[in-house]
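Chain naming follows the written order as A, B and C, and within any one chain the residues start at number 1.
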Amino acid sequence: MQSEELPVKPGRPKPWNDPRIRSVVFQLLAIAAVIWIGYTLFQNTVNNMASRGISTGFGFLDETAGFGIIMSLIEYNETMSYGRTFLVGLANTMLVSGLGILLATIVGFIVGVARLSSNWLVAKVSLAYIEIFRNIPLLLQIFFWYFAVLGALPGPRQAVNVGDIAFMSNRGIVLPKPIFEPGAGLMGLGLLIALIVTFILARWAKRRQAATGQIFPVLPVGLGLIIGLPVLAYFITGGPVSWDIPELGGFNFRGGITAIPELGALLLALTLYTASFIAEIVRSGIVAVSKGQTEAAAALGLPPRRILRLVVIPQALRVIIPPLTSQYLNLTKNSSLAVAIGYPDLVNVFMGTTLNQTGQAVEIVAMTMAVYLLLSLSISILMNIYNRAVALKER
Amino acid sequence: MATPHQSLPDLPPPATQRGLLGWLRENLFSTWYNSILTVVIGYWLVTTLVPLIDWAFFSAVFTGEGPQSCAPEGACWIFVYERLGFFLYGFYPEELRWRPDIAFLLFAITVVPQFFPTPAVIKKWLAIFGLTGLPVAGYILIAGGHFGLEPVATSRWGGLMLTLILAYVGIIAAMPIGTALALGRRSEMPIIRGICVVFIEFWRAVPLITILFMASVMLPLFLPEGVTFDKLLRALVGITLFQSAYMAEVVRGGLQAIPKGQYEAAEALGLGYWRRMRLIILPQALKIVIPGIANTVISLFKDTTLVLIIGLFDILGAVKSTLSDPAWGNVMAEGYLFVAFCFWVFCFGMSRYSHRLEKKLETGHKE
Amino acid sequence: MQENNATVASAASNEDIIAVQDLNKWYGEFHVLKSINLNVRKGERIVICGPSGSGKSTFIRCINHLEAHQRGNIVVDGVELNEDIKNIEAIRREVGMVFQHFNLFPHLSVLENCLLAPIWVRKTPRDQAIETAMQYLERVKIPEQAHKYPGQLSGGQQQRVAIARALCMQPKIMLFDEPTSALDPEMIKEVLDVMIELAGSGMTMLCVTHEMGFAKTVADRVIFMDGGEIVEQAAPETFFSNPQQPRTQEFLEQILQH
């Protein structure tokens, strides 16, 4: 113990060799660089806009748009403002993304399970579907459905007739529209009651199982209620729903609901393209649950149905959810390809026509990007919450 | 005493498990619902595939000249054949097309050996050439303007050539940027990390088409007066920003997969941060993310078609523009099928490659 | 493991090479190291043992600053270990380390693993570095594996490469962090033999290990740690035959039962 006495705190290093000081300096430099880049871009933009005589600010949103939009979920005509065109585009984007996510999930899960079918033909057809659709650019698929398939349909006069109630022509798909008469409310009430009863039933069944061990078939009974009660109400009130069936009049159809071909093509392409990815995710999710798990469950005497429900699905979902989320995000972003065939989504209406008419590039690009940023963020937050719920169950 | 044990002879399995019949029973008709499925799908396949194959091959016209040789009941492949030059090069002057040809030959020489067993040293030098020398050589050849080569404006570039250029430049530019962003995102310095996270998440959250719009309408506003970018360069800037964000996430996955012990062993040997990354961590991380990189390459390759929306003539744009030619009648299916085939071959091949590599990496870390 | 009871003669001088004073470390609220004091003389061989979670690994990882300490002082070979990057680099040049899980670089061959630090840290000319590396590979008895990759070697071979890799920097001190714990039983001996041979050459060694045979053969001092403190330290003869602290006795009973 002959070393000299040392101070108790570690000595301070020389400032230029101190990692903390280095890190602070480095980070300050990084902030400075970001600010400098931002400032330069801002300054350049302001100068350029001034020299081109472009006004700035969001005042243009109140100006009259003056152009028509072929499809709108909210009331719109050309006397309305650019602000309104933004909302129309946003609504159309959300419609096609929402429907696309729903359909792609359904198709994707079916194909993903079919891919693992014991039927050789089913498995191979699913494989062919997956490998074809995910290796061809989405834009090409949109063009194909829009120009080569839907565009090749005959005009309204020779429309493809589906049982005299629905028609497919190059003007779109016309479907019958339900008209609710007084008394239809009872059907809604029936549905609501069925949902509540099913919910209560499920909780009761769980409690009864906990107490007595008896298992109650909640799923079939619940489904029967949810379908049965509204149907019962329909007959009791004497059929309060009538259908507005489209009819050919002049050069186009009257009545019914029309889905424009742009929507049809976009939805078809988005669904089939994304479903091919989802199918692969579902397949690998199921495969990821090791065979030992299924065997262990079977050895415990669980029937196959319960093995799937209690052992395989909970584990597979944990693998499936994160990549599924990014597929939902991709679909939402890909819906912007609408611009290529003229479906009036946000990018088409706002970043396209509105930008061309007003020239307010900075504001419009920023607003559009902000919308997608928000959409992406909300989808991933929702999926994260769900993911946490799924993940927690097992721990 | 006990009779010696007689081994039983090997008997053939029951007839139901053997031969074609056994296979059919096992794989197509194992249960009643499988039988129904098989019949329904088989019927559907026969009724759709047979006419399709007939249209595409047996009734199709492969030789002849001009639209008049085509028959209405079969595919008109003459159309594709006669317009092939335009589909491959766009408006690039016909007499100068040997220049892109040489560039793509170089490209093939660089890339093809990477997919086959080749000595590692050769692979390494080819990769270095592909990342540095090839872009320069390719630019000199295709754009011209140096060494007595006649300049060709980028507005005349098009077709498959443009598609490949967009994808290639997008990837090699995104590689270093993405790696830097990935390192930044794993940095211990909160501000550096924050900047990288915001950058990556922003470009990943917005659709490529809005980025391309931004690049084409806003980039000119960002630049000082007097500086102009042509359309192609603007598209490339957009694609690079987009791609580097995705690349960053792929590389980050690789960095996270490297065990902590590797960092510690490198540290204990006295290597500083940059040497640790360059000599130990990145070589391992980049190797395990090759399948991931291949997947982003596939996505990017498909996404390059979007440039037609901002007015560039990639292969899809080139084909689409010829489809409205009334002389040929309706050749839409032929045109789109041709493009689909080009993309499919590349993307499918690439995904097989990435899949095989993944399998190989899973089985061990040898050599 | 060691049947022969012959011990390796001590080479310890009177000069301190490591001085640790009042070393304290916390993981968040958890006090991992509590006022550790230890002086190591040049050439001294120290074995540190103790139950898992006693802080022994953390302690030797503080000596080359793989772990930062919050209070106290560490002086290694005359250089004070603080946050100063230059000091840390200087100390790591002189201190070699062998890990429980080898941590060889799987993308480099055995030889390249050994060349890396001499070339990039010591700036040794490549030819000279190869010569040194081959010498050490011979010393750990695997020169013939020089061009293989770590994944192709057995655990024992990998650990010997890891020792050679550390020795190639020609360090003054070697730290061993449970070097045999991850090995199959039949491979432990080959690694211990190399370590014993190294001990005989006069290297300063700090070993965290449960190999009591090894401790008896080579250690100048055995240190028992528990709960983040040094509970007892003594020469191996006294330590094993006559432990003073009840905690040490309990630990030795458990470990020597088999």
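Heads up, the rule we're going with is that a residue touches a chain if its C-beta (ideal position, glycine included) is under 8 Å from a C-beta of that chain, and two chains touch if they have at least 3 such contacts.
The structure displayed is predicted, hence computed values, not measured ones.
Chain contacts here are complete: no pair of chains fails to touch. Between B-C and A-C, more C-beta contact pairs are found at B-C.
In whole angstrom, the spacing between the mean C-alpha positions of subunit A and subunit B is 25.
The geometric centre of subunit B is 49 Å away from that of subunit C, both derived from CA atoms.
Taking the mean of the C-alpha atoms as each chain's centre, subunit A and subunit C sit 57 Å apart. Counting partner chains per residue, subunit B shows two or more touched chains at no residue at all. Across the assembly, subunit C contributes 85 as residues in contact with two or more other chains. Across the interface of their complex, subunit A is touched by residues 27-28, 30, 34, 37-38, 41-42, 45, 188-192, 195, 202, 204-210, 213-214, 217-218, 220-225, 298, 302-303, 305-306, 308-309, 316, 320, 323, 330, 332-333, 336, 339-340, 343-344, 347-348, 351 of subunit B. Looking at the complex, you find that subunit B touches subunit C at residues 259, 261-262, 264-272, 275, 279-280, 283-284, 287, 364-367.
Touching subunit B in their complex are the following residues of subunit A: 23, 26-27, 30-31, 34, 41, 44-45, 47-49, 51, 117-122, 125, 131-132, 134-140, 143-144, 147-148, 152, 329, 333-334, 336-337, 339-340, 347, 351, 355, 361-362, 365, 368-369, 372-373, 376-377. Put simply, subunit C touches subunit A in their complex at residues 14, 16, 19, 21-22, 39, 69, 71-75, 80-87.
Residues 1-3, 6-14, 17-20, 22 of subunit A touch subunit C in their complex.
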